[in-house]
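See the structures that follow.
Each of the two complexes below includes subunit A, the first together with subunit B, the second together with subunit C.
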Partner chain A sequence: MTIHLLHIYDRNGNSLFAKEWSRKKSSNLTKVEEQKLLFGMIHSIKSFVTKMSPKDGKEGFISYTTSRYKIHFYESPTGLKFILLTDIFVGNIRETMKKLYSSVYVEFVVRNPLCPLNEPIRSSLFETKLETFMTGLSFFEDSN
Partner chain B sequence: MQEDATNVLFELLHDELISYVYSNDIDMKSKQISILESHGFRIGQSLAEQLTKDSSRFKDELEIMKFVCRDFWSAMYQKQVDNLRTNHQGVYVLQDNCFKLLKRISSGKQYLEFAPRFLAIPCGFVRGALANLGINSIVTAEVISMPAVKFQIMIQRV
Partner chain C sequence: MTVFSIYIINKAGGLIYQYDHQKSSVEMEKTFSYPLDLKLEAYSDQVSVVFGQRDGIQVGHVVLAVNGKQTNGRKLEDGNDVIETIANEKNYPISIKFGRPKLTSNQKIMMASMFHSLYAISVQLSPVHGSSGIQKLETDTFTLHCNQTATGVKFVVIAEPRQVGIDSLLHRLYLIYSDFALKNPFYSLEMPIRTEQFDSHVLSAIESTEKTGSAA
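And now, the complex of A and B:
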């Protein structure tokens, strides 16, 4: 079970943070292109999922699975989008992503007066805390 | 770990006040730290009155310092000062290894140059509280590695 990468976007699609842990095959796009592609796709899936839902949905798009990886999505009430790419053996980690948002992002970015809102995150304390959080997860395995 | 709404509010307001004082269109360049410190001084005076209104008079200077390290620090930052040292000749050093207002900013050297602006008001708090309890002092703060802070209090004896 592994975590491959994490992206954080603000409500306008600007990439605030991106981190890769293990990625054997790159997508041959530049960083910016890939970020835009990811955001656009997630945005489309999100609205598609809500439109096609046969019942009134509560949460909408949570994740999608392919034969090789799984993408998990969490959007905070403030429009912040967290996208986590893991392998296929990880279950529903919505609670984990909520905790990631509240105990790492809110604590060390929102409450850091030197981190301007909606701008890429430069705080190394945030990175350290994120790393601790991720490596502490039961499904994180540093397999290279 | 749910934080008290009033503590969060104080920190957020404090952050905004600092960014206002340091914003470019205010005519306060080079006086920013002393403006913040004097705000802290005035607040510290009232805080001391508020926090000691039900207790008896302090025996001596050391008792007052212990009040600052324990009760005052607990009321403001929900923890006590980690270490108090004195040379018994009017200089006291208060050490806080994880100062609340800095602990979300960095642990280490990043943003170190911004630390003084976040310590101006806390220094003012101490100076104001001491002043209202009868002690005139000069209070400065030093940060070598975030978020540990050393506050140095120099008593001014007339």
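And now, the complex of A and C:
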């Protein structure tokens, strides 16, 4: 199993963090354009899902799968968005996504007074801890 | 186990067939005294709850009737404005009926073309080569399954997350489409499908999926 990439956005759609582990195909867009396209797509999916839902839901959009990859989505109540792209064999990783928020983002960004919120994360400590967290996941394996 | 609805989208993103299987929707009627403990706002031509949840009334629900009079957009049957009627203390106690907003046929067409573009973007954002678009979209209340044929027609089934046998239902829908839409001499390609035979076969395929988990 493979982890392709991770994106973190704030509630206004600014990219706070992006990291690639395994990426075989790059689109003909620039990094910034691609980040905006991804955010726009997730934003549209969220409104699509609320309108299409036959019942009142709590979590909303969770994930989608294509023939070759899968997107996992987690949004905190404050609007922070975590988007993880993996291969299609990864199951429901909702708890892992929550843990990524609570034990990596909150611990090493929110609790770091030198890390301004709502700005791209420039903390080597966060990057190291994130790397440890991701490589420790059972579905990480050889994502390079 | 339920199949909620079926959408068929042509290769240009137009909705050519839509069927809602589940008719019942949640509606709540309640009598309120002044002042109202919910915050209502007119939003995209409907009056909806924006704050305050109680007795099954949720944020996002819209006003369907006031004192037994149906609403028509932001107005009541008798021409009075919904917001003004609710704001007027003289009208209390007041009985208001709330429910989840239903998609109008125009909104369904919009949703279909929206899904068409989401499908295209998901291909473009793929980190690996040779990926298709969205085949399965999961949420906590429903799962959307999509099968795009080689000719670009998309069959979309919206069902309960636990529903099994969707793959065979999608395949069955494709067969019904080829047999009863494409072989119909009065059917012009890319146009909405209006054939009774098609409807009845779709219905029986859905019912058999719900009962046995297989559309065959």
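The criterion applied here is as follows: the second predicted complex is superposed on the first by the 142 of 144 C-alpha atoms of A that agree within 3 Å, B and C clash if a C-alpha of one lies under 4 Å from a C-alpha of the other, contacts with A are read in each partner's own complex, and residues count from 1 in each chain.
Definition applied: a contact is a pair of C-beta atoms (placed from the backbone, for glycine too) under 8 Å apart; a residue touches a chain by one contact, two chains touch by 3 or more.
Note that the coordinates shown come from a computational prediction; the quantities given were computed from them, not determined experimentally.
With subunit A as the common reference, the superposed partners subunit B and subunit C fit together side by side. Of the two partner chains placed by the overlay, only subunit C lies in contact with A:Arg23; subunit B stays clear of it. By the touch criterion defined above, A:Leu117 reaches neither subunit B nor subunit C. By the touch criterion defined above, A:Phe108 reaches subunit B but does not reach subunit C.
In the superposed pair of complexes, A:Leu125 makes contact with subunit B only, with no contact to subunit C. A count of residues in subunit A touched by subunit B and by subunit C gives the higher number to C. With both structures placed on the common chain, the touch criterion links A:Ser63 to subunit C but leaves subunit B unconnected. Across the superposed structures, the minimum distance from subunit B to subunit C, using CA atoms, reads 28 Å. Subunit A uses no single residue to touch subunit B in one structure and subunit C in the other.
By the touch criterion stated above, subunit B contacts subunit A in their complex at residues 8, 11, 15, 18-19, 104-108, 110-111, 114, 118. Every residue of subunit A that touches subunit B in the complex is listed here, in rising order: 107-108, 111-114, 123-125, 128.
By the touch criterion given at the top, residues 4-5, 22, 25-26, 58, 60, 100, 103, 107, 111, 114-115, 117-118, 121-142, 144, 158 of subunit C touch subunit A in their complex.
Those residues of subunit A that touch subunit C in the complex are listed here as 4-5, 20, 22-25, 27, 34, 37-38, 40-41, 44-45, 48-69, 71, 85, 87.
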